[in-house]
Amino acid sequence: MGTFNTRVHFKNRKSKINVGAQPGTIDIPEDALPPKIVIYSFNQNDLQTSEGTDMKTITEQIKVCNDHTHWIKINGLGDAQLIEDIGTFLGINHLVLEDVVNTHQRPKFDEYDNYVFGTSRIIFFNKNNELVNCQFSGIVKDNIVISFEESHTDYFESVKARLKAGKGLIRTAGPGYIFYALTDTILDNYFVVLSQIGDRIDATEDKLYLRPDKSIMFEAQQLKRTLIIIRRSCWPERDKINDMIRSESDLITKDVKIYLRDAYDHCIQAMDMVESYKEVTSSIIDLYLSMVSNRMNEIMKVLTIISVIFIPLTFVAGVYGMNFSRTDDHGHLLPDNMPELYTRHGYVYAIGGMILLGLIQVFIFWKKGWFNKL
Amino acid sequence: MGTFNTRVHFKNRKSKINVGAQPGTIDIPEDALPPKIVIYSFNQNDLQTSEGTDMKTITEQIKVCNDHTHWIKINGLGDAQLIEDIGTFLGINHLVLEDVVNTHQRPKFDEYDNYVFGTSRIIFFNKNNELVNCQFSGIVKDNIVISFEESHTDYFESVKARLKAGKGLIRTAGPGYIFYALTDTILDNYFVVLSQIGDRIDATEDKLYLRPDKSIMFEAQQLKRTLIIIRRSCWPERDKINDMIRSESDLITKDVKIYLRDAYDHCIQAMDMVESYKEVTSSIIDLYLSMVSNRMNEIMKVLTIISVIFIPLTFVAGVYGMNFSRTDDHGHLLPDNMPELYTRHGYVYAIGGMILLGLIQVFIFWKKGWFNKL
Amino acid sequence: MGTFNTRVHFKNRKSKINVGAQPGTIDIPEDALPPKIVIYSFNQNDLQTSEGTDMKTITEQIKVCNDHTHWIKINGLGDAQLIEDIGTFLGINHLVLEDVVNTHQRPKFDEYDNYVFGTSRIIFFNKNNELVNCQFSGIVKDNIVISFEESHTDYFESVKARLKAGKGLIRTAGPGYIFYALTDTILDNYFVVLSQIGDRIDATEDKLYLRPDKSIMFEAQQLKRTLIIIRRSCWPERDKINDMIRSESDLITKDVKIYLRDAYDHCIQAMDMVESYKEVTSSIIDLYLSMVSNRMNEIMKVLTIISVIFIPLTFVAGVYGMNFSRTDDHGHLLPDNMPELYTRHGYVYAIGGMILLGLIQVFIFWKKGWFNKL
Amino acid sequence: MGTFNTRVHFKNRKSKINVGAQPGTIDIPEDALPPKIVIYSFNQNDLQTSEGTDMKTITEQIKVCNDHTHWIKINGLGDAQLIEDIGTFLGINHLVLEDVVNTHQRPKFDEYDNYVFGTSRIIFFNKNNELVNCQFSGIVKDNIVISFEESHTDYFESVKARLKAGKGLIRTAGPGYIFYALTDTILDNYFVVLSQIGDRIDATEDKLYLRPDKSIMFEAQQLKRTLIIIRRSCWPERDKINDMIRSESDLITKDVKIYLRDAYDHCIQAMDMVESYKEVTSSIIDLYLSMVSNRMNEIMKVLTIISVIFIPLTFVAGVYGMNFSRTDDHGHLLPDNMPELYTRHGYVYAIGGMILLGLIQVFIFWKKGWFNKL
Amino acid sequence: MGTFNTRVHFKNRKSKINVGAQPGTIDIPEDALPPKIVIYSFNQNDLQTSEGTDMKTITEQIKVCNDHTHWIKINGLGDAQLIEDIGTFLGINHLVLEDVVNTHQRPKFDEYDNYVFGTSRIIFFNKNNELVNCQFSGIVKDNIVISFEESHTDYFESVKARLKAGKGLIRTAGPGYIFYALTDTILDNYFVVLSQIGDRIDATEDKLYLRPDKSIMFEAQQLKRTLIIIRRSCWPERDKINDMIRSESDLITKDVKIYLRDAYDHCIQAMDMVESYKEVTSSIIDLYLSMVSNRMNEIMKVLTIISVIFIPLTFVAGVYGMNFSRTDDHGHLLPDNMPELYTRHGYVYAIGGMILLGLIQVFIFWKKGWFNKL
């Protein structure tokens, strides 16, 4: 696995800001994907599926299966007309529709007179190891739950499988339970992402202990940013689930609330993991910086000790390399000029003196504890 | 785009402090601009506009359009008399008028017996890339909304355009909706500013990866300060909107509150972006400091390795450059003085020994892992 | 005692994430241990014990001792069927059973219609000095308390001993008191762990003062991580005990609440110790880094002073080692070339000048205070 | 303007600690100033002034002006008898009198049966640029407000001027309004102090950009401490004003509360400025430290590059300075000893080789980007 | 005064952890001191004193002085039987008795049916300048207050003196007032300790400015730890006093609550001082680290400048010290070998060139601002 790619380029994400626009304006970003609609209509005994790309798919299916619960699953938000039509068909406030297509919402849960609206952040690593952070939103009204996903990725396969199997409460507990099940799946995926991050932290820590290099700092910073993105989704998700638990809407039944309390626990567990991982990441950074500093320290010490030993010796050698002349221009002896050079054992004494000087220095440094590792 | 200019000179901003002055004193700063008044009087079918610079403009327009809603837009707060007259005309508390001209208010919302008062911070980058942080305030009473802006910049064009178009609620939902629309426009502009900052962070991060230099530290500090200024406006703005949502004044209708809840979400989104940007900025600083430290480390290593290799070699060369004489002053051989110099292969052995010594050192350093990058 | 082993490998802990699975699925991790069941059935006068590994052990014992209070102690959660059977026998919600086997719960206390459920973290150092952080959970219903432990370690010997002795409230205060006694034992063990950490901090601080080396940084980081793990268990444990104190369930009697208040105090005491230890650990890191920096500083100073003294001297020696010729190619005297070398006392003056230069430098550095320790 | 003098010597400030003394003991510090009393007695039409140093001044003036409101202004708290007499005259609790003379109170507002008591911190720079932080306290009872100031400085001139002018509410709104006006003057002075600090921060930042030196660190630390002292007064002042707003005492009338709300805003504005200034100060420190580090980095680079270029060259020169003899002691040629020295172009090649070696090194360092600024 | 001795050895403090022991077990630590009992029995007119070491002392005195208020002062907790007997005599819960002897309680205030219980931390510097942090606890029931102190130090002399003097409320306001007076004395001593710490901070700051050395870092860390210990006692003490103020027990009368409010203020004042001192300590550390870094910087600069000036000069000298021969082995002139050495003014030009090179370098470094202090 390569390193995560979490450098976010802010430019494109923010290109559409209509200053002072009428609130509730449905303004599709240029790179939005075309919608794909799948409708699952079910009751305890039956499950009908229908696919399409326009409003007619929805209205017909609802007409046909009039005693069913409907999960209308929409992937891709690129068709303003479709969003408008759904709004008109179900009587949804324009501010809600705007939130559906303006895909930078924090997780939240809003109650309206006869429907509820919620958003979450879908987070996963795509095939290029890039962290994808896209929006999920859902509307629950009467016997209908509509889910909007920004991407075309098939994210809710397990819920579809459970619908097909038809066991447990999934077909009988109403549209609120479907909305819970989708939220829960999103939360489960936070753990998948956190598990991948955990592996990566492990790999970075392995590298720290076995073959530290300067990529550690960069990787640790990337991990930190990734964790912050998850925390930023997780905190308001927790508040959102709490809002759902305290909701007085009939659409969130008492049975569903028991499951929401479980999801609330998972949310806090995910946040706990994020905190743990952040602390391990900080600790990796601290240990790495300490290693770098130790390395500098050791190199410095070797330089100093070798330099300090040889600098005086080299000076002595330089002195005895001076060319003070033993005779003046007339050939007369100059007896004061470097007499050491002309004695029988001058060289031996010089070499011996140098060795002695070196040893004295080594002894001093050893006494000062410079040969200890700090 | 140049770098942001966010160095604030505190001197001038604080020049007018009247210690112990009577509260409610209207004390115009010297550099305040002369007021320009534009009045938009409208109902579902009609929109009248009137311009001027004095109180008469206002009183006449209100007399003429007596069944309209009025938006009195005042740019420039340099005329104490005008502010006083407006206060007298509408029966506004002097403390409110003082807040209008003392343009360092935090965003707030105050309710009085029959009117409401609110302030916001207008933030944008001017043509010199300087962050402008000036005051907006508004009074809503009966069918009138008066807006005061510190600058002459035309900031609310989109609201004017919506008034002219006359679609949606803008002409029919009363003066409270106009006040909301102005606040919302200010908030939208926070996203414009944040988008510009996002671009700048991107550019700084590009520089960090491609051609890091010491301007990065400076730019990152400037970005941090800019973000802090925005956060300082955004936090109390959120509280202010919350106060408006919980207001019991008739001037903030139930319909307007639905829109205020949307604005509240935007406020939190802006704060979220500020937090994200601050974290990215901190991460840029950390990575830059780590790069600088790595650079020092690498330079240090090269210095050490080359020095440590050559220092002993140079010493050896120095030793064999000493002038210990082979003969004494009388020409007698001194056989102990540097006999190496007089052997057949002395030079070859010396050079060979030096090379060997160098290689041993390289081997030791390689063994110690000093050639690895840390 | 060796250093603590607190490096956590995240990979295996997170291997089982069933994205979108039906909530309440009992999904046993592969490395879960097989269950061992021990049942203590007691009243004021009698204590019956029974052991086994399957549901029959439980049902028979309860049938036999029908007027007793039962503590069903289960070590090892590796048998999904057993967990299911217990759930069915006592009418426990599947979400609770899932929490029992999904052993990453934060401490919590949940109330249901006619039973209560709580979890805690059991923390201790095993024989390899590794920090073990495993799950305890308990269900209290009617006259039964069931405790589930992840490990086979015999952790509650003291409670068993008190049951056998039969003094105090242990046999008479009902199953809620047993649940309290187990929680209190877990808390007591936090102090044992903290005491071991205290010893380790002491040892690290001793090392800091007596023989500092680079292992200090590593040990301090490990201690910090260990303390964070304990804090992460202790904070929600406190909230859980508070939830129990405010519980309105008959299973937590007024008498038990007096004891829970005592446990609450212990919880806060443990957190206080964690905070103290964290601060001491931070202080050790700060002092160590300061020592390292002082060491570098001192080494640097010695290098500088010796280098700076000898560099000019070596240059002078080098100058007098130059071979400027006293005669040209034709043997004519070149009187301007190095005349110093041919004077009577040239060498003496040169050596004397060098010594003087060295002393002047030493004097300057002493004046600048470079010989002081900073 | 010189630098601020904010080094606080703790010794003298704490000299009087009477451990276990009876609460309510009036214990005058040795350096307390003798009291000066000025009484302003006024109603809508009249203003009488009276001065003195003892209790008689007060009792007589109150007897004479029996239908007036009285502001008794006391500067200097050095007379225990006076404080006692005032307490007895007005029936004030001894704990209150103790707070008046124990001048280390945090700002607070206490209500008693028929009077209220409040303290504030008066903060200003004296002529020596030292930050003075002394105590103001006030008692409001019936138609009397007594203000106690620790210093003799004439701090409330503007309030006196307003009393003389007699405009606005100052003479008619009762003693509670006087107490508000004094508090408001103290708050206004916080802005004066903050403005002086702003100038100082500006000067420090100028120095940072234009002629950075090591005094910056010291000045920034001093500014930080000064700001912390102001924050420490401002936070509880805010709480105190809030307590006054929520007071149910008749002495704080509804009219006064409207003004207190304005003062509350000012308090938050002052805290906002403190936070801004603290962040700018931190940013100055960070930039200064970064500059210092950049400077070290640059110096290091020059040292390294020049050293690393010359070290091998000097070694080569050293090698060719060795004295390996071309002849042995018997005059026989030793052809292997330094044959380079005896070739026709040996010197030219040597110099050329050195230049080439130097250029290669420069090229390598340039390639490695060491000539870029980081 | 020497430095504080705040290194805490954790080992002994935690030696007694009875995992899973019956709650309420009275388990005396080995190093507990034997108890000394003094009883003060008093009413408005009378004060009886009695001393002893066992239960009989207490029972007899209470029998004799049956219309008095009793303060039973116990120093030393080493006698389990005595604690048990007191518990039985007054009907005190075993959990309370356990808290009395387990001397690691945080300050707290607990109410029981007919008595109240409170603990505080007594903090002082002993004769060896070690910070002592021992436990005070007190029980108030009917007309009796029992105080338990861990140490034999006579800490409450001032309260005894006030009892003897008999002035004020001390003899008449009941046992709750005595309990307040003891708490207040403990709080007063916090100011004594803080005053000593203030002196120490002053001394450390003096050293920082006058003769900085590496002990500063160590002392600042010790001061920080000491301050943290005080904060850790002060925070819960504040909460405890607040609990007492809000208590509904008859034992804490309305009169006592007025005094408790004063004690609450003192508690906050102490915490304010702790925060101020912590900030000054942090500032000392920052300035010291900055000084150390400046020192390194200056040393580095001198090394670099001198090295960089001499390195090229020494190389030039080395070049002219090479032994390239002017004649080949056959005595033929080699005119290209070092012709400079054989020119008339070669030496003068060489020396001149070196001086010029040195001056150019000095000029460049001066231009670069390297001679400025940063």
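The first chain written gets the first letter, and so on, giving A, B, C, D and E; residue counts start at 1 in each chain.
Everything below uses one rule, namely that a contact is a pair of C-beta atoms (placed from the backbone, for glycine too) under 8 Å apart; a residue touches a chain by one contact, two chains touch by 3 or more.
As the structure is a prediction and not an experimental result, all values here were calculated from the model.
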Any chain in contact with chain B as well as chain C: A
Between chain B and its twin chain E, rotation from the CA superposition, multiple of 5 degrees: 145
Type of chain A:chain B copy interface by residue overlap (half), same or different: different
Inter-chain centre distance, chain C versus chain D - centres from mean C-alpha coordinates, in Å: 40
Distance between chain centroids, defined by C-alpha means - chain C, chain E (Å): 25
Residues within chain C bordering two or more other chains: 296, 300, 303, 307, 311, 314, 318, 321-323, 338
Overall pattern in which the protein chains touch one another (line/ring/star/complete/other): ring
Round-the-ring chain order [start: chain B; next: chain D]: B, D, E, C, A
Complex contacts: residues of chain A adjacent to chain B: 7-11, 13-15, 17-23, 93, 95, 98-99, 104-106, 108, 110, 211-214, 217-218, 221, 224-225, 228, 232, 289, 291-292, 295-296, 299-300, 302-303, 306-307, 310-311, 313-314, 317-318, 320-323, 326, 333, 335, 338, 340-348, 350-351, 354
Chain B-facing residues of chain D, complex: 156-159, 161-162, 167-168, 170, 181, 184-185, 188-189, 191-192, 194-195, 198-199, 201-202, 205, 258-259, 261-262, 265, 268-269, 272, 275-276, 279-280, 283, 286-287, 290, 293-294, 296-297, 300-301, 303-304, 307-308, 311-312, 314-315, 318-319, 321-325, 328-329, 334, 336-338, 370, 372-374
